[in-house]
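One chain, chain A, appears in both complexes that follow, with chain B as partner in the first and chain C in the second.
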Partner chain A sequence: MFQNRAEALALALPAAIFAAAVFLVPVIILLSDGFRDPVGGWTISAYTDFFSNSLNQTVFLRTLRLGAIVTVVSAVIGYAAAFAIVSLEPATKGKITGLVVLPLMISPVARTYAWIVILGRTGIVNQAFQALGITDAPLRILFSETAIFIGLLQLFLPLMIISLISALENMPKDAIPAARVLGANWFQVFWKVVLPLTKEGLVIGGTLVFTGSLTAYITPAILGGSKVLMLETLMYQQVSVSGNFVAASVIAFILIVMSFAANILLKRVATARNKVRSQG
Partner chain B sequence: MKKVVFASGAVLMLTLGSAQTPVLAQEKTLTISVYALAQDEYKQIVYDPFEKICGCKLVVETGNSVERLAKMEANKANPVVDLAAVSMADALAASRAGLIDKIDTAKLQSFDKLYDIAKDPNGDGMSVGYTFYATSIAYRSDKMKIESWADLLKPEYASHIAWPNVTTNQGPPALYMLGQALGKDTPDLKGAIEAVGESKDDIVTFYEKSSQLVQLMKQEEIWAAPIGRFTWAPFAKLGLPVAWAMPKEGQTGGMNVMILTKGSKNRDLALQFMDFWLSTEVQTKLAEKMIDSPANRQVKVSDEVAGNLTYGEETAKSLKLIPSAVALDNRAGWVKSWNETVGQ
Partner chain C sequence: MNSNTLARSLFIPIILFLVIAFLIGPFLIIVAASFSAGDTLAFPPQGFSLRWIAKVFTVESFRASFGMSLFLAIGGTAAALVLGIPASYALSRYKLPGAEVIRTVVSAPIIVPGIIVGLALLRYIVVPFQVGITLALFLAHTALVLPYAVRVVSASLDNLRSDIEEAAVLLGSSRTGAFFRVVMPNIRGGILSAFILGFVTSFNQVPVSLFLSGPGVRTLPVDMIAYMEIVFDPSVAALSALLAFLSIGIVFAAERFLGFSRYV
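For the complex of A and B:
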């Protein structure tokens, strides 16, 4: 496109300088705080301190667990929804996809606050449960892991559905009928044909949902509060209440590592299945 | 090629240039650091009129007190802020860290008009109170009866209350009063924290932002919560029978104070500003807008306004405040034992 590299570089220069100055350098400074020894030199003692505290362990495991559950459940629901959407007429497909994307355009604060009304003791969920005779007294759903799970799932499910729609659309149209003709049952069709052919969409969607769930702040803050801390809400507490920037930088580093690890893991799982297939 | 380089350079210059605001070199400048609350009203009542009087420029930095203190500490050698508004305990922390100077109260005309508790809250001459507030319990009078702080943890009530998290301004005072009610009032607040810990699964939430409570009260998610008087107005307007408790152990609360940065080059200007903020005129206006309860005893307001504030000599005297030194020496310990007992 460009006649020489210099032109391309010159065009990229403002963005590169901007990103380096306002993002890269501050992030490096922030993260290096977690490894700095107050006496001088470098140490990982901030990390060993962090993980030896039982509250931090609980919060770390809870964040990992909720992130994983949200990702798995959104993949299951996402496949079902994406299948339904790609099988629609093009005009309807556009409209439905638009509806799926719509929540992404609404502020997460508004969406999360709506859950406080819906999940509350006098909210619609409890009213329905009581009317149907499922419970006698209103259930306590707010300020629990369940509430955070529901909030995160609603927040990130659209990302999974969109990733899977584009993956399913790129799949050869005859693959499923061919598998059926050859005698595969629906489970085999999904496991041996659909999943391998759409795994890239799943990896992208899974990474987005998992990283999103780990790093979401508003949803766990409003629906869980300090009663059900996640790493993000714990990090906020460390910075803005305790003024403990070292602990906050440790949490930031852990979150970054977890996000990268999730992406690498998901890619590995995808390629491992490839190898099995090519060997078999 | 040259054009492209020039264009990208120009874009960069524009981005950098727009970030700077022109500063008039000859103008006197006073920099203050305050809570990020009601800044529109403060600008109208305090900042703009003061700029006219002093012929100077006022730079206002806002944020929560932890962030602002961290910034003052970082700029210790070359202070940016001349005057800061912080909590009593944070004023003592700043004093211990050597960040502030004694206040020459002889230069403050309004000083003698202050309530006694506001004159030297920490007893070290390093701060002057500009507002204080009571902390008690807002509760649904049709659902429960609150005569003691310990009533909140009764089995029939505990699943209908929100308790302030230990990390909020209301957390430690509420625990302090609960400790008094339980007859376990040690500075480490252990007895109270354990009592809350025993009811932690029942308690609806440990709130961090009082703004959240109004909605929870409206939805009948909660019937009661310890709150600061400065957040009372929206509860009173809910149209529900919400009352302000007068527990037999009394009310607690807190005070916000002004401090002067050590090494500040605008000391006289800072004192002039402090005096203006404490003046009867300014304190009355802030009270009438229900922003700050007055620390100036000459302020007179209507009964309706007084009802929404922490007002009057009697109230001021009756508040059981946690001494700053106790708060400062135990703060880390409170958070630790809270996290061990309640936080997980």
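For the complex of A and C:
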């Protein structure tokens, strides 16, 4: 450790000042906009206005609902996939994990765009449904909540699987056989042994998936169209179509509060785990 | 026990096949669709041709926005490293007053959704100070990459024993000399990894750049979204496939030559 305080500040301050000037100060001013009244006082009327509008309510609830559903479904699939992956031979495990991570390197625009080919009116799903006689006319899957759900799930599932793989690998090897020998069925093994032992991984993955879904822009923009909005696409529309910067500030504040809440939860779980480690 | 083993030996390949088909399949479809000879985006592709892949290179706006994205990804990441390396060094090697505050400030852009950063920059930097859109995009992408730069460089500094540079200083080297001759060569891999991570993050970023676009000034992914809303031909599929192979190639090369995943 070097002690020279002036030298340390000279090294660290440019980055801090840059981040403060370009990012922190403008964002704080933007957020405060939603709490100002025309004569310069403070008010929450922008928030009551925002939530009294039924379109805004729909979009807010849809965003929360999609975030929750994507998180739960990715957890269910994530556990199945992570179990399957950790049971593989080390060489195969590396390759399969690589395939799971691969999509994270591909542009989200490209990944989302693929669903237009699959879910569109003349897409693969509709061709298959009509060929099998399930429907006569093409189903409208694109530009719906279902399409956004599928897109978000594909975007964020790798994050959940990766978090659960490391959680399962850190679990004591004999926990599951021990529970089986003592007479637990598979449901009890999962609920009473695996879940508590992998809780941190689940919370980390869940936070990443949930905040990612809440703050998604590309997926609802491409797969939801201009009708099925989420908070970020609503915010974009408020600015670019209506020029309503106060509503945009309100949405920004809601998004930030929700992401921070999720991140604080993440940090809390992480520190709880460190405490356990340092005691052991 | 036997029926269990059988169930498990069936369950594992089926689950893995379904999950990987879901994650990778759409990308393969995009690649196939980009070789189509037909005029509209479709799968299975109608015939085989390279016309859409060739067309990507002739669309004027794609060429301009690709250049812009490349400039932002390289320039923004380089600027983030110029700011981030000294800051990481100070955070890991010095008793720094307010170290936690500084760490929080430089890593904050990662927690705040990009669309908010873009809008805040537009309203409170671009408009009041008459900053050009290109400069604003550059500032935004630098701020966006800074947290990654600090995180990855800090991690490789923490893995490097600090007594080597203390020894260099004791033997008469200046602090700066010790940094460039002793520390830098040892964290080169970390810096390159930070550069690649920053490049890919910046290049694929959409929300930060949404509001920061002007006549003829756009990043490539924003331009692709705008294009696909108007034209329904396979050229966006072709471009997506090309970009995907580009970023996969970069990351694979990085993993092979640098052991990228150790740092990220």
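Basically, the second predicted complex is superposed on the first by the 245 of 280 C-alpha atoms of A that agree within 3 Å, B and C clash if a C-alpha of one lies under 4 Å from a C-alpha of the other, contacts with A are read in each partner's own complex, and residues count from 1 in each chain.
FYI, contacts are C-beta pairs under 8 Å (C-beta built on N, C-alpha and C of every residue); 3 or more make two chains touch, one makes a residue touch a chain.
Fair warning: this is a prediction, and the values are worked out from it, not measured in the lab.
Student: Label the relationship between chain B and chain C on chain A in the superposed model as either fit or clash.
Tutor: Once chain A is superposed (C-alpha atoms), there is a clash between chain B and chain C.
Student: Of the two partner chains, chain B (first) and chain C (second), which one does A:L11 touch, if any: first, second, both, or neither?
Tutor: both
Student: Between chain B and chain C, which one contacts more residues of chain A in the superposed model?
Tutor: C
Student: In the overlaid three-chain picture, which partner chain does A:Q154 touch, first (chain B) or second (chain C), both, or neither?
Tutor: So A:Q154 only meets chain C here.
Student: Regarding the shared-chain residue A:K173, is it in contact with chain B (first), chain C (second), both, or neither?
Tutor: Once the two structures are laid over each other on A, A:K173 reaches no partner at all.
Student: First (chain B), second (chain C), both or neither: which does A:I29 touch?
Tutor: After superposing on A, A:I29 lies in contact with chain C but is clear of chain B.
Student: Name the contact category of A:F143: first (chain B only), second (chain C only), both, or neither.
Tutor: It touches chain B, and chain C stays clear.
Student: Is A:G123 touching anything from chain B or chain C once the two structures are fitted on A? First, second, both or neither.
Tutor: Touch status of A:G123: both partners.
Student: Is A:A19 contacted by the first partner chain B, the second partner chain C, both or neither?
Tutor: second
Student: With the touch criterion stated at the top, can you tell me which chain A residues are shared between the chain B interface and the chain C interface?
Tutor: Comparing the two interfaces on chain A, one with chain B and one with chain C, the shared residues are 4, 7, 11, 13-14, 18, 113, 116-117, 120, 122-123, 221-222, 239-240, 245.
Student: For chain A, which residues are in contact with chain C within the complex?
Tutor: My answer: residues 1-5, 7-9, 11-16, 18-20, 22-27, 29-30, 77, 80-81, 83-85, 87-88, 96, 99-100, 102-103, 105-111, 113-118, 120, 122-124, 154, 157-158, 161, 215, 217-218, 221-222, 232, 235-236, 239-240, 245, 248, 252, 255-256, 259-260, 263.
Student: Would you tell me which residues of chain C are touching chain A in their complex?
Tutor: Where chain C meets chain A, its residues are 8, 11-12, 15-16, 19-20, 22-24, 26-27, 29-30, 33, 41-43, 83-84, 86-87, 89-91, 93-97, 99, 101-102, 105-106, 108-109, 111-117, 119-121, 123-125, 139-140, 142-143, 146, 150, 162, 175, 200, 203-204, 206-207, 210-211, 221, 224-225, 228, 236-237, 240-241, 243-244, 247-248, 251.
Student: Note which residues of chain A are touching chain B in the complex, please.
Tutor: For chain A paired with chain B, touching residues are 4, 6-7, 10-11, 13-14, 17-18, 54-55, 58-59, 113, 116-117, 120-123, 140, 142-143, 221-222, 225-227, 229, 237, 239-243, 245.
Student: Would you tell me which residues of chain B are touching chain A in their complex?
Tutor: Listed in rising order, the residues are 1, 4-5, 8, 11-12, 15, 64, 66-67, 69-70, 159, 165, 167, 200, 203-208, 212, 215-216, 219-221, 335, 339-340, 343-344.
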